[in-house]
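Two complexes are shown next, each including chain A; its partner changes from chain B in the first to chain C in the second.
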Partner chain A sequence: MNARVRRGLAAFAALALTAPALVAQGPDPLARLDSSTRALVLALEDSARAEGLPAEAVLSKAQEGVAKHAPMAAIARAVRTVFLSYREARATLGAKADRTELSAGAAALQAGIPTTALSDLRASGHGKSIAVPLVVLADLVTRGVPRDVASHTILQLWTAGAGDADLLDLPKAVGQDILSGAAPGDALLNRARTIPLRLPPGKVPE
Partner chain B sequence: MFEPKRSTIVVALSLALFLPERGVSAQLVSRLQAGAISSTSAGLVPSSAFSLTPDVRYDGHALKLAARGSAWLNGNAFQLADADASGTWTSPIVHHLGAQLIASADRTYYDAVNQNEQIEARARVHLVFSQQGGLWLESGVARPWRVAVVSSVDVAGAGAWAQVGGATLTGSYTNFAFTRLASATDSTGTVQSCTSQTDNSSCLRQSHFSDVQGSVHWEKSFVELNAQTGYRFGNASDVTPDSRRWASASAVIWFASDAALVVGGGRQPSNPARGLPARNYANLGVMFAAWPSPTAGAVPIEARASAISKFDIAEAGRSLERLQVHIAGVQTVEVMGDFTDWQPVEMVQRGRDLWEALLPIGSGVHQLNVRVDGGRWLPPPGTPTMRDGFNGEVGVLVMQQ
Partner chain C sequence: MTESARDPYIEWIARQGRRQVELSSDARARVMDAVRAAPLPVRPRRGLGWLTTPRPLTLSPLASSLLAAGLVGLGVIGGLGVTHRDGRTPAGQPAAVAADPQLPVHDSLQVHRFELAAPGAVGVSLVGDFNAWNASATPMTRSADGKAWTVTVQLPAGRHVYAFVVDGAQGGSQWVPDPAALRAPDDGFGTPNSVVLVGQRGTT
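Right, the complex of A and B next:
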């Protein structure tokens, strides 16, 4: 076998070994970012990985920004917010918080919910996942319900044993009341009053 | 003048296309613009003012309400300047046909002398091609207030629009016809043609003119640009030379998710029915969005994700979820979320108003958006929402194990 044939076989073997890996990688999800935003996303991904946080949340926010044709500055701001909110959620909810709770906690913090609301929910969770109350909290604040009213009401309902389904019905109902002219805080309080009636006696919050 | 028979047909066709409103999914948008405006009109002293312009919009499934007012600081006191309020009822698009009823009231203010109000009602029938382009016919009536010399104004027109790349191009032809009290003779003493004589010096005269307008709206990233130009057809007694041609442009530059720089200027033609002269204007200001504030779409009739009556998600095997969207009369429905790496996935039409996609969505908290006919990405109805950090909102799914 002459040298030319050997080189050809070596090149073919190298290509055969690397091609599947290259194909599996697919197009670069960050290809549409400018160099500084891309560097920031990669750095935050690395930091998240090093801290045991879900790095894909950072990447996902960057992909979302690209898909929505957001300006680079907005993407950079959003991925930084996501990373910091996950870090804060982990610090507040503890190392035992699972990924679902962590995502919900990060969403709540991004909506402006104070960390005390997260720790209060965690303390009264009786071991149950607090993902749904946190997601509902984030929604209510997004709809204009004052943070303290939303935090206090959801905590009361949660402490009284309201289920995930009860809480998940709240955003739509509150949203309808707001559109009908109710103040967001009043809308939540009115709707929240209908939930304890379905709870067992003794579980009704004061 | 537009024939009453034809306008009756347009209104009747519009009404026939209306279907009962389904579901409730809407958003409230509010903005405040602060800046300086300057204008000049022939024969008038140039004026400048600091203006505050609050703008509130209720964007419902079929009903859109908008109100905007402008307070000008002249000297030491604020005074109400331009203002308008409008309501638009839009039917679902059925077999490419849609309809709108538009009612509006507005006040236009140039200065202490040149100011008045008008109420207007129009009906439009749209022919829409996959949300990429369309045609419309319209007919309506406007009634200026505090303009004693003019009757109601019949408005009739047609237009076309198309989306080309990131731009929306619109062209329209609008005819205005009204009766006004005019001088029986012109400045040279020549007797004018009149519909009827009221006395020796004045008579009732039929006036009409037509505006041909073209506009382009382009937005990319943090910049939105609008430009329009027009030409007015009509004889010399109805169209002054300074209103034959006009053009204007504006730009909105978002420097934060809820704040933008607004700059614009150009020429506005006269409004003979309201006795308002042509004017040049320029404005520069800052706009604050008090709520996630998508700009009003440039597309004349837009199928919106808020028209989705229902969104469902159910298990479809061990690793797939079945996402269902209920909406009729649209051409495409897409979904994207963290579970698609934010790549749009086209849903498949399974019935007259049912669209479906089977996607792998693992347990956990997920974020998603849907869009209809290439419109805006919005959260699906019935899901909790949160701000997405990009001046919009996402729906949130909590998938249990």
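Right, the complex of A and C next:
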């Protein structure tokens, strides 16, 4: 092998071995944040990882803020809210809560649902995932249904065996009634009465 | 060994080898004709010719290892999933890709179709936590009747938050939620988002 080929091979190998490391650093998703907001996001990401929480939720909220051209103070406030709500959701739902339940629980807490509503749903969940009732609950409150009415109604439906599909249809129907002029709380109560319940045998009223 | 001690037979061979051979002029002419008739060797061309001409290459074990390492490195560069040390993907690289209905869907991904009625828009894209909220990552396609915009993507199971970015004819763009989907709580930035549950029994 002549010297030229040897030199070429060595250069090729050196480039190929170092390039992955350079490429892996990639475009920094937080490059558009100022230094203090960036430091906050990185610290919250590290804290989330240390606590077994999904760190990408923090990063995603920062990316969302950057994409929406939000002020740095708003981004800092939003990522902090996300981190704290995930932490509270984990404390409320327990260590066995899966990622979808955690995400739905954190969103419900951000919507103002009290932690007792989450723990009540968990306690009456019969071991099933409570992601669907949590997502529906957050949606209803966002549409203006009072928090206590929404929490109580969804818990009743869930405990009585309402199916996921029935719960998922509820927000759109309630939204239509609200657009037609109904009060949000009344709209939910009226629609909830139309959902067929599948009570467990021991709970069927005599 | 001295000259006189050599084998007589070898001495005879050596003498025969040193003997001058007289060639006739006819023999010399025949040899020269044969040489002229033989095709000339082709000189390799510069540039592309040099690259395409086959030639033997020998490699030491060290050089072979370097070459293999280089090829592996190139494979890593070309890999689809460039990630940071903490597992996050660069902003410009969407985790969700437009789904090809001809390709098999990975078990952990599910195809989901998004649609927005926006007849006056000049462009619509899908943004969400699955594509790092990158407005250029997942453009939507105008339907045949021109009234709606759609895109089909593969998403991992779970709860995803998303919105649409609608480019108006006047040049501005607007973030809008999906009117047909579940609503997400306040995003903290003043623009409402939507929620999709993927992989649940009642996928929305």
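Things worth noting here:
Keep this in mind: the second predicted complex is superposed on the first by the 179 of 206 C-alpha atoms of A that agree within 3 Å, B and C clash if a C-alpha of one lies under 4 Å from a C-alpha of the other, contacts with A are read in each partner's own complex, and residues count from 1 in each chain.
Operating definition for what follows: a contact is a pair of C-beta atoms (placed from the backbone, for glycine too) under 8 Å apart; a residue touches a chain by one contact, two chains touch by 3 or more.
These numbers were taken from a predicted model, which means no experiment stands behind them.
Aligning the shared chain A places chain B and chain C in steric conflict.
Once the two complexes are laid over each other on the shared chain, residue contacts for A:T194 go to neither chain B nor chain C.
Between chain B and chain C, more residues of chain A are touched by C. In the superposition on chain A, contact is made by A:A165 with chain C only, not with chain B. In the overlay built on the shared chain, the residue A:A55 is in contact with chain C alone; chain B does not reach it.
Once the two complexes are overlaid on the shared chain, A:L179 sits against chain B while remaining clear of chain C. In the superposition on chain A, A:V136 makes contact with both chain B and chain C.
By the document's definition of touching, neither partner reaches A:S36: not chain B, not chain C. Overlap of the chain B and chain C contact sets on chain A: residues 29, 56-57, 60-61, 63-68, 70, 74-75, 77-78, 81, 99-100, 103-104, 107, 110-111, 131-132, 135-136, 138-139, 142-143, 164, 168, 171-172. Taken in their complex, chain A has these residues touching chain B: 29, 56-57, 60-61, 63-71, 73-75, 77-78, 81-82, 99-100, 103-104, 107, 110-111, 131-132, 135-136, 138-139, 142-143, 164, 168, 171-172, 175-176, 179. Across the complex, chain A meets chain C through its residues 1, 5-6, 9-10, 12-13, 15-17, 19-20, 23-29, 45, 49, 55-57, 59-61, 63-68, 70, 74-75, 77-78, 81, 99-100, 103-104, 107-108, 110-112, 129, 131-132, 135-136, 138-139, 141-143, 163-165, 167-168, 171-172. Touching chain A in their complex are the following residues of chain C: 57-60, 63, 66-67, 69-74, 76-77, 82-88, 90-93, 127, 129, 132-135, 157-159, 161, 175, 180, 182-192, 195, 197, 199-202, 204.
Touching chain A in their complex are the following residues of chain B: 24, 26, 28, 220-222, 254, 257, 336, 338, 341-344, 363-365, 367, 377, 381-382, 384-394, 396, 398.
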